[in-house]
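The structure follows.
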Amino acid sequence: MIGLCLASIRQKLYQQLSVTAYPEEGLSPLNKLVAVIIVASIVIVTLATEPTIYEPWKDQIIAADITIGILFAIEYILRLWVAGEDPEYKGLIGRIKYAFTLRALLDLLAVLPFFLGFVGGDIFLLRLFRLVRIYTLAKLGDFSIAMKHIKDAVKERYMELFLAFMLAMVVLLISSTVMFLVEGPVQPDKFGSIPRAMWWGIATLTTIGYGDIYPQSALGKFCCSITCLAAIGLIAMPTGIMAAAFSDAFQRHKKTIQDRHHH
Amino acid sequence: MIGLCLASIRQKLYQQLSVTAYPEEGLSPLNKLVAVIIVASIVIVTLATEPTIYEPWKDQIIAADITIGILFAIEYILRLWVAGEDPEYKGLIGRIKYAFTLRALLDLLAVLPFFLGFVGGDIFLLRLFRLVRIYTLAKLGDFSIAMKHIKDAVKERYMELFLAFMLAMVVLLISSTVMFLVEGPVQPDKFGSIPRAMWWGIATLTTIGYGDIYPQSALGKFCCSITCLAAIGLIAMPTGIMAAAFSDAFQRHKKTIQDRHHH
Amino acid sequence: MIGLCLASIRQKLYQQLSVTAYPEEGLSPLNKLVAVIIVASIVIVTLATEPTIYEPWKDQIIAADITIGILFAIEYILRLWVAGEDPEYKGLIGRIKYAFTLRALLDLLAVLPFFLGFVGGDIFLLRLFRLVRIYTLAKLGDFSIAMKHIKDAVKERYMELFLAFMLAMVVLLISSTVMFLVEGPVQPDKFGSIPRAMWWGIATLTTIGYGDIYPQSALGKFCCSITCLAAIGLIAMPTGIMAAAFSDAFQRHKKTIQDRHHH
Amino acid sequence: MIGLCLASIRQKLYQQLSVTAYPEEGLSPLNKLVAVIIVASIVIVTLATEPTIYEPWKDQIIAADITIGILFAIEYILRLWVAGEDPEYKGLIGRIKYAFTLRALLDLLAVLPFFLGFVGGDIFLLRLFRLVRIYTLAKLGDFSIAMKHIKDAVKERYMELFLAFMLAMVVLLISSTVMFLVEGPVQPDKFGSIPRAMWWGIATLTTIGYGDIYPQSALGKFCCSITCLAAIGLIAMPTGIMAAAFSDAFQRHKKTIQDRHHH
């Protein structure tokens, strides 16, 4: 009788915990809750590193950390238990098999940091790996189509993007060498070596421009201006490749759907 | 006789005030004037917050504010009156019904701040909500087609844009955590916590680079350089998605027009 | 005899000076020279404003300025003379008619600044208008096709670009108002009014980030971060529209060529 | 007997050293090693310019430099020797002919700097030219298709990109002249001449914004804001052109493959 009741609970829980077994569209309420706890966990860990937040809220943060740790531990045990619903992971041997799937290992990784180190210290930051679990919950409907689009676009044009990156690296090397030669004698602490000039080059070619390092001589400013203009090209190239790749990926997807309707 | 005259005025005014009832293309002269007054109102409110402008022009600004307030009040009453031209809003009950439409409530919102608070103080800023009224005047011809294009493009690729945003957030979290670990001990006031490092991360990944916060150690600069390069990808992704989405939206619109011509 | 010789010279000069009458492809050697002199003139005017360049090179700059002024005067007279080759501008009345064409007026504008003011002073800068003449030389072959592409792309999607601009302005107004309220009390000299906060808003939304003005309070940094992320969208939108518009313009052009080949 | 053995070694070495003769896909193991040594050489030269790295690692850097120099010399001699496998470069005269090919000259250029100058001094930087050799190894499979895509896209739309660049230059000239007139009297050391204002213009129009130079007067900030907005357009234009060009290049390539399959 209790066994039947347990089996029924296990089945319902399986539908709630498994992303693919949930009969309706979207995430199950329980998995939505899990996602919220994961994000909350990340936010708490992040904020706990800030002394001006940690000091006055110390007790609450530790309490929240323990609560989340326990919740994840319970969730892990439940997932292990309901895994038996899947014929593949039936019985004790099945459960051990399940425990060594990537998914279960990621779940375990979300539990472990809690036991490894308490609030404070660098081990505490291992809790950030919990974010990876979001990915295991994310393979659903529109979301997974969009993910496929982005993956396809990047994969299809991987070589072009890599070449654009290589070109950027070459421009970085050339411009940094030129600035080292031109501006190095004027500002030896900032442009006195190629690696130092590269710090300028990166900030310039990505158009970030922190402003901690820039040429002061007229010739240096002239060479820098040419690099600045090259930066536009270096940004336009990957963006253009991505745009064309996405256009391709969307059209391919549309065609696949049309073909499916025709047959 | 006066009733007939009034009815004629009401009809003509209705054509002038209603965006859809105006027989010719574009906005009616009266609605153009309303649009100009709305913009003028926003500009005046904005400038009035600047002491170096407000002090010498105090009297003129208050006068303009009162004038605009009265004009909007008159306009609101007129709109309420001419609403009866529309069979749906006929009679007193129709007017009350009209007064509770989103449009009429927005118009009322444009009048209210004038009575709630005079120049100066934060309530004064509520006048900025008048800008929303521009939107109610904007649903016209080419403008609404362009609006549809942008809406369609964003809506169609909402999921891809959301994923690109999520990816950016993950890169932000990772790079900020790395910089907190690497640069935190060197500049504890700037990189001493993940939220602090995130302020650097946002300025870097969006390529803004205010320059108030940047790494000083060699290892920090190296990690920052990798983040800078990632920034290009994070900007290229949404731009590429938007480009492909607009390309799609324009072609769909073109096809719709062609189909209409064929039938 | 001399008349015949003059007529022959005039004809040859006409072919050299007129952009459309030149029988071969590209610009005629004389017009290439004119283009070089225009660019040289701009460069000299620009450099002459820099005291560290002007002082040591004063004599040479004045000499170059006079030479270029005389060359442009000669060119203007020659253009007036050879205009008679075109049946439309024959005879004295034709020449007067020619002198009032936009082209001839632009050429005159290139000569006048030389007589109006010598080196130094703001009138001197009128010489920069000579740049406009480049445009009259530029309507040629591939160049004019490329110009048509850009014009078409911008024109076709003018409304979408305008809407994207309007959206950017609304985001600028909102973010500046929020920062004025949040950061104003902390940094009254920098965020103490909406126009001042707009200076921050422009530098942030265009991702320039000079770094002279940025929030210092935690809440201000949070609001700023959201604006930074919005900036990516505001840049992605016009870029995406342009990409789709260019894609359209290129394909339309290709189709036009194909249709021409079919008939 | 030894001759036969040597011939066999020469043939195997030829397959390893020649990019096109290698029977399998991708680079041969030996050429991969050469590529790694080239990159290592660049990294070492770059790091050697940094005193804080050079001083403690002096002996190791010099040792690595000599080793790489000797390796490149050996590689050059081997390439000269195995060139005879190619019928075109058989015998002594063939080898001399080979030595004057672009490829062989580049290889020689990679060896020479080692003999011209030792570590330290500007001649030392000539070693950076070794990077060019990477290009001679890079003409392979997917890589060369991607390279063709980028080349095609840029070449096809060269004129549009050039026009976009010209437009940017005109906007730079106009905005710099305006800022020179408006902001020059306020900050003569920063905006006191058009070339100085151009340094601001470049940093602004490329959205880099180092922050060493920005307007301080209200009118200057207003003019600067307009330039900032123009910057978005100037970046959107080349990016849009590139996106459309890549879209074209990818589709052309796809069509070529389809046509090949049909025939």
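For clarity, chains are labelled A, B, C and D in written order, and residue numbers in each chain start from 1.
By our rule, a residue touches a chain if its C-beta (ideal position, glycine included) is under 8 Å from a C-beta of that chain, and two chains touch if they have at least 3 such contacts.
Remember, it's a predicted structure, so these values are computed and weren't measured experimentally.
Comparing the chain pairs A-B and A-C, the larger number of C-beta pairs in contact belongs to A-B.
Equivalent interface to A-D within the set C-D, A-C or B-D: C-D (over half of contact pairs identical by residue number). Two copies of one chain, subunit B and subunit C, touch each other, and the residues they use overlap weakly: the shared fraction of interface numbers falls below half. Look at the CA centroids: the one farthest from the centroid of subunit B belongs to D.
Rounded to whole angstrom units, the spacing between the C-alpha centres of subunit A and subunit C is 44.
With centres set at the average Cα position, the gap from subunit A to subunit B is 31 Å.
Looking at subunit D, residues 195, 198, 203, 207-211, 235, 239-241, 243-245, 247 sit in touch with two or more other chains. Note for the complex: subunit D touches subunit A at residues 42, 45-47, 49-51, 53, 122, 125, 128, 131, 142-143, 145-147, 149-150, 153, 165, 168, 195, 198-199, 202-203, 206-212, 234-235, 238-239, 241-247, 249-250. On subunit A, the positions that touch subunit D within their shared complex are 157, 159-160, 162-164, 167, 170, 173, 177, 180-181, 192-196, 198, 203-204, 207-211, 214, 218, 221, 224-225, 228-229, 231-233, 235-237, 239-241, 243-245, 247-248.
Residues 207-211, 239-240, 243, 247 of subunit C are the ones touching subunit A in the complex.
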